[in-house]
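Next come two complexes built around subunit A: one with subunit B, the other with subunit C.
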Partner chain A sequence: MKKVAVIGGGVTGLEAASQLAQMGYTVTVFEKNSAAGGHVSKWDRLFPNRRHSIEVVNELKSYLNGNPAIYLSTAINKVTKKDNRFQLEAYNQVFEADAVLIATGFELFPAERKEEYGYGIYDNVITSAELEGMFKENGYPVKRNGDKPKRLAFIHCVGSRDEKVKRPYCSKVCCVTAVKQAIEVKEAIPEAEIFCLYMDLRMFGPGYEDLYKEAQQKGINFIRGRLSEASELEGSRVLIKTEDTLSSKPLKMSVDMVVLMVGMSPAQGTDELIAALGLQPNKDGFVEITDYHLNPVKTKVDGVFAAGACTGPNNITDSINAARSAAVEIHKYLNNK
Partner chain B sequence: MRYHPFTLPFSIGLGFIMLYIIVMWTIWIVRLSRREQKIVWKRLFSFRTISAIWESIREGLLHRNIFKRNVLLGYMHMSLAFGWFMLIVLGNLEARLYPHGVINPPYYPIFFEFFRHDLTPLHEYEEIFTFLMDFFLLMVISGVSLAFFKRFRSRTLGMKRTTRHILIDRIAITALWFIFPLRLFAESVTAGLYNTGHFFTNFIGQWVIYNLPLDYLYYPAWWAYSIALGVFFITMPFSRYMHIPAEILLIFLRKYGVKEKESHSTFTKIELSACSRCGICIDACQLSTSLNISDTQPAYFIRDLRYSQPNERLRETCMMCMRCLEACPVGIEITRIRENERREHPLFSASSYGYINGYKYPKAKVAYFAGCMGHLTPSVIKSTLALFDAANVDYTFIDKNGSICCGRPLQMNGQVEAAKQLIDKNNHLIGESGAEVLVTSCPICAREFATSYHLAIPVLHHSQFLLELTQQKRLNFNQSGLKVTYHDPCELSRGLHITSEPRELLQHAVILSNGSKETESKSLCCGGSLGITNISMAERNKIATDTLNEIVAESSSYLATACPMCRKTFANAQDKIKVLDIAEILEKNLNFAPEKVSEKNQSPIKQQAVIS
Partner chain C sequence: MKPEGKKRIWSEYQKDIADDKFYFVRSCIRQTFFPGSDTTFLKILREVLGKDVYENPDHTTCTGIGYHTEVVPFPTIQTVVARNFALMREKGYVNYTPSCVTSFGIYTEILETWHHFPEEKEKTRGYLKKATGREFEEPENLAHTSDVLYKFRNEIAAKAKYKLINKHTGKPLKVVDHIGCHYAKMFPSKGVGGAEYPQVLAGLVEAFGGEVIDYPERRHCCGFGFRQYFVQANRGYSISASKKKFESMEPFQPDFIITNCPGCNYFMDRWQYALGEMEGKTYGQNGEGIPVLTYEEVAGLVLGFDPWEMGMQMHQTDVEPLLRKMGVEYDPDKKYKGPNGEDLGKPMSPRFVKENA
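And then the complex of A and B:
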């Protein structure tokens, strides 16, 4: 029986592993964290239809029934290729495989790098991921002092489309996430005033535009302008400065809470992993794919495939598609060997 | 015999250049402003003149500044200038001591050996003169050889890149290179025939070229020498070699206090002519060393400005970091000239700043101004204010609710009028604060306040202010024992000459370790410069990482800097080393002062360390 190693137990890794196991391969998933499900397991509800993310993660996890098998808290720290077979090392243990799928996903942009926004310095500047955590825990956002915020600003493109922090690319999912979260805040705290500071709104997916329209109808204010800086006022309120570029006016406002829509960055550690296989990151730091149109999971090295957010920002749908695509490509590869 | 037609090319050339220099000097001096002329007259008979003479010798002849940079390069310049000068002086003395009288035509001492083959009437001076003339000729020839060698292997002389010259410079330099070998040849032929030389020319004439038909070569050799001199003199005013007379005038005027103003002036014209296009500025420029942009440096910018008009790329491709200014052996005010040139050709029109409304802030003895860059690094503000609080400083934060820019970025890009609007607003704000001292954590603002605001109160960079507080025992720090590399920001080190205060202050909390000679006035720019708009983020990051690779000592835990912009640029460019402002490092190691001094009875600061 041919063996496939899947590195990463997020949505991509789990989906690909399940598909490959159904095709009759022996599949092992290596997850560096103590639980499978990746970032998605940390979210509360998903765009566009606000389904609970736990449903998605639980269904994916239910495939783990021995084949595919999963090793949790197992970081692969070395991969070598020898005569078309791969040897993966973790904790001095060696695993063998005939094909490898890289599904290491992404990391959230470290918001403290955008220092002028005050993350980690001011009390009530949080990230979109932390807001999801608050929804999960309380069903509504809370300020550091435990109060509900009455005035919030969502800052789009934090660590996306920003050359100054070496993230020149669009992270794709943050626009719609902000719109979704703004609606959720409005529903949880109806009297709250909400502002979204955006560059462009990229509502490309099914249902996204509807969500945007719903947000406007619910009275959420959209201001086209990037945040220039934030400072802290008395009572831990935050003063934000921007320019309303549609009316060419500088704008200043104080809010109770600032939510930074952090983008997707290449996962740390993926670099060393792919370097060991003779692969290079693309110019944005993600795993390089050889054919973006006809074979978006193939890498330069035979037998090594990559899928999901490790190849660039993806939403769940994209990742599931890529996972299935990878399963088919791995099947073709193993049969032609 | 005291005349021969071969002296004509030289005589015509000499006459032309002398007349040209006199006319140009006169025009330049006459066109100086009334005020400038007044100070020149007032200071003409003072110690400044002696000092100017000494500097002319030191830089014009001996080239001390270039020696300091590279000994071989210094020797090359010195041997050409000083060697040639000594040949002229000695030639004149020799001709005057000859028994036929002291009044000679100007060409006569130059071609003395042609006219006088019998040097015995010089008696006891014969030996010494022939020796010295040979000695200095050898020195000049060695300089020419080095200059020739430098064209092919400039690295040996400490220059990675040399200037690419235009046609007129190539003609002039070729003539100059020919002068001395031709002189050597003419004198050697003469020495071979008449034994008029010493160890050098006699040796060549009698042992090396003795089997050539010297009789036939005698006249052509002297003709060729004279022609080379004539060509050099004729091309001189139109080429880089105009720097010789212009630099002398520049040195004197500068000593008397004449300098660049807010726009181009006659003094600018003199400065432009005083540039020899030596190319030392090219290697000093990080655009060249990091990005391979090696055709926009002052050697080219100044040249184009002297002859016509530099194009936009030439004018704008400069970080205004002042490293070239520091490196220039002539001391031309390059950055000022470029800023003035940008004023004449603004790239964009800054919109009105009328919407900026004044804020009301409480009055206090110390006004703190964080600046735009300060607001982009809120942790610097937080740490600075925490230190103020610890020292019980009576301060008011005058740009707390969002800053009004100090105006410096606009100035650097030629937007004087827009900058004025901001300066007026800030001036009002500073006046309203009732403060006795203005403190800023941004060197860019500090420099702008010091140079463009004409404030009634002193301006301090926060490193100076915090040092004063520490010296007054109002702040106390624990020595952490951590090793830290300090980076000098351009505007602080070269702009305001503040290099010791930040170091002294840091040493209260950390141990300084520097891995490079490129510090203080020679410090490297972070690449974040507001003075350049036509390089990409990736290029800026390249400059930042190159700078860090050069300056950070292996053992350092942090990079300390004193400028929020440098801090941000370095931090964004890499993940290897953590970058912190001085204030952040100090706050981490703050040891609360045992005795808190009441601010009420104290003057906020002693006035000695202020930026003038």
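And then the complex of A and C:
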């Protein structure tokens, strides 16, 4: 039976592994972390319908029934190709495969690189991922002193569309995530005043525009302007400055909490992996695929495929679609060998 | 505030600063405003730290103010800078140490330009040869004089006579550190601590026992934006920028302000007087102003130098409240006496900002 190695145990890797196993291949998933599910497993609820993320992750994990098998805490550190077969090495163990799927996903943009926003320095500047953690733990956000914030600002495009930090691309999901999170905060703390500072809102998916409308109806304030800087006030409040570009006026306000909508960055280690396979990153540092229109999972090396957020920012729906597409392409490749 | 976050950023922005054999160049304007600061720097380096510092009387302005106000074209300023570098090499020095933040920004910008556009450097080489017959090489090390004092902050602290401690309360003095915009905002990696949370003066203050205040308008311009001040019609922007800063820092009750830029020192010192006269408003404690010191003056006070020998009577916002808090021994009667005891004349007192409250 032909073998497929899937590198990465997030939603893309798990879905692709499941599809390939159902097609009759022996599939092994290698996950560098101690648990499968990737970033989604750390999220509380998902846009657009606010389904609990654990439902999605648990369903994908339920496919791991021996085939596909999964190796956790296993980072592939070397891949070689010989006679149309691949050898993958991890901690002195060698695995063989007839095809490889790269599904290493993404990393959240390190918010501390936007130094002027004060992440890691000011008490009440957090990331969107940390807010999800708070929702999971408490059902509402909490300030560092344990109090509920009464006035919050969501800062869009942190590490996205920003040449200064070498992230010129759009991370796609942050706009709708901010809108979702703003609604959730409003529901959890009805008296809270909430502001979203955006460049423009990219509500491209089904149900996204509805969420945006719901947010406006719930009293979320949308201000078109990029944060220029944040400073800490006495009492650990945060002073933020922006320009309201619709009214062309500078704006300064104090809030209890700032939530930075961190974008997607290429996952650490993926560049070494793809270099070992003879691949190049694209201009943004993600895995380069050869045909964005007709075969968006194929790389320039035969037998090596890439899917999900390792090829660029993706939402779950697109990642699942890419995973299935990769399964089909791998099946075609293995049958034509 | 999470201090560890700031320290992490500081660790990412450390720079090479020469250890000895400095080629020192003065600021054009600072000696008029605060005439003792450059002298104090030289005294600390030579007499306290035993360093070799060379000062060349042939050195000229970098023409930075002319450049930033579009009077001096870029090829001209590059040639002037190249000449200053040539003078340094002719004297056998390689560590260029300007005392002006605008100059430091100019030298940094031009070195970066030459790095990225070597053809500009070659053109400049031709201009300099044609104009003066000189050849130049880039410095091996470029450090602002505040970088140099930062480097030796612990050695200075070890010889300190006074600390930045309020002798009446025993608590650290609360200090606003203000960094000149041209120090690191253009090239964050060239400044100690970077542009957003600079360490260069905070490091001095902490080494001398003080406590730095992080206030909301910390990054805001001092009021000496060249186009704010040199264009007379824009001067309202200048004083309003300073006012914004004073109002932002006032609730934190700073004991003094330390800056590393000639213009910042001047404007934050003088505009306090002007705001007092215009609005009757003062920002220090007990109706006083907030003293504004250069980093050399702070180091000099810590080392026990006489404040009047350092020229601190030239400040428009009185420094004596700070001297008393630090417990500095000084003679108030010598404040307006020259080095030979001659009477320098006492300036008129401001109407609102209190002196010796």
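Methods note: the second predicted complex is superposed on the first by the 337 of 337 C-alpha atoms of A that agree within 3 Å, B and C clash if a C-alpha of one lies under 4 Å from a C-alpha of the other, contacts with A are read in each partner's own complex, and residues count from 1 in each chain.
The rule is simple: a residue touches a chain if its C-beta (ideal position, glycine included) is under 8 Å from a C-beta of that chain, and two chains touch if they have at least 3 such contacts.
Bear in mind the structure is a predicted one, so any value in this text is a computation, not a measurement.
Visitor: Mind checking subunit B and subunit C on superposed subunit A, clash or fit?
Guide: With subunit A as the common anchor, subunit B and subunit C collide in the superposed model.
Visitor: In the overlay, work out which of subunit B or subunit C sits against more residues of subunit A.
Guide: B
Visitor: Would you check which partner chain A:D123 touches, where first means subunit B only, second means subunit C only, and both and neither mean what they say?
Guide: In the superposed model, A:D123 contacts subunit C only, not subunit B.
Visitor: With the two complexes superposed on chain A, say which partner A:E163 touches: subunit B (first), subunit C (second), both, or neither.
Guide: first
Visitor: After superposition on the shared chain, which partner residues are touched by A:E115: those of subunit B (first), subunit C (second), both, or neither?
Guide: Touch partners of A:E115: subunit B and subunit C.
Visitor: Quick one: is A:K249 in contact with subunit B, with subunit C, with both, or with neither? Answer first, second, both or neither.
Guide: first
Visitor: Check the residue A:E234 against both partner chains and state whether it touches subunit B (first), subunit C (second), both, or neither.
Guide: Only subunit C is touched by A:E234; subunit B is not.
Visitor: Taking the stated contact definition, name every residue in subunit A that is touched by subunit B in one complex and by subunit C in the other, in rising order.
Guide: In subunit A, positions 115-116, 118, 121-122, 229, 231-232, 239 sit in both the subunit B and subunit C interfaces.
Visitor: Any idea which subunit A residues touch subunit B in the complex?
Guide: Residues 113, 115-116, 118, 121-122, 163-166, 168, 229-232, 239, 241, 249-250, 252 of subunit A touch subunit B in their complex.
Visitor: Give the list of subunit C residues in touch with subunit A in this complex.
Guide: 1-2, 5-6, 8-9, 194-197, 214-219, 251-252
Visitor: Show which residues of subunit B lie in contact with subunit A when the two form their complex.
Guide: For subunit B paired with subunit A, touching residues are 355, 375-379, 381-382, 400-402, 536-538, 541, 568, 571-572.
Visitor: Note which residues of subunit A are touching subunit C in the complex, please.
Guide: Interface residues on the subunit A side: 112, 115-116, 118-123, 229, 231-234, 236, 239.
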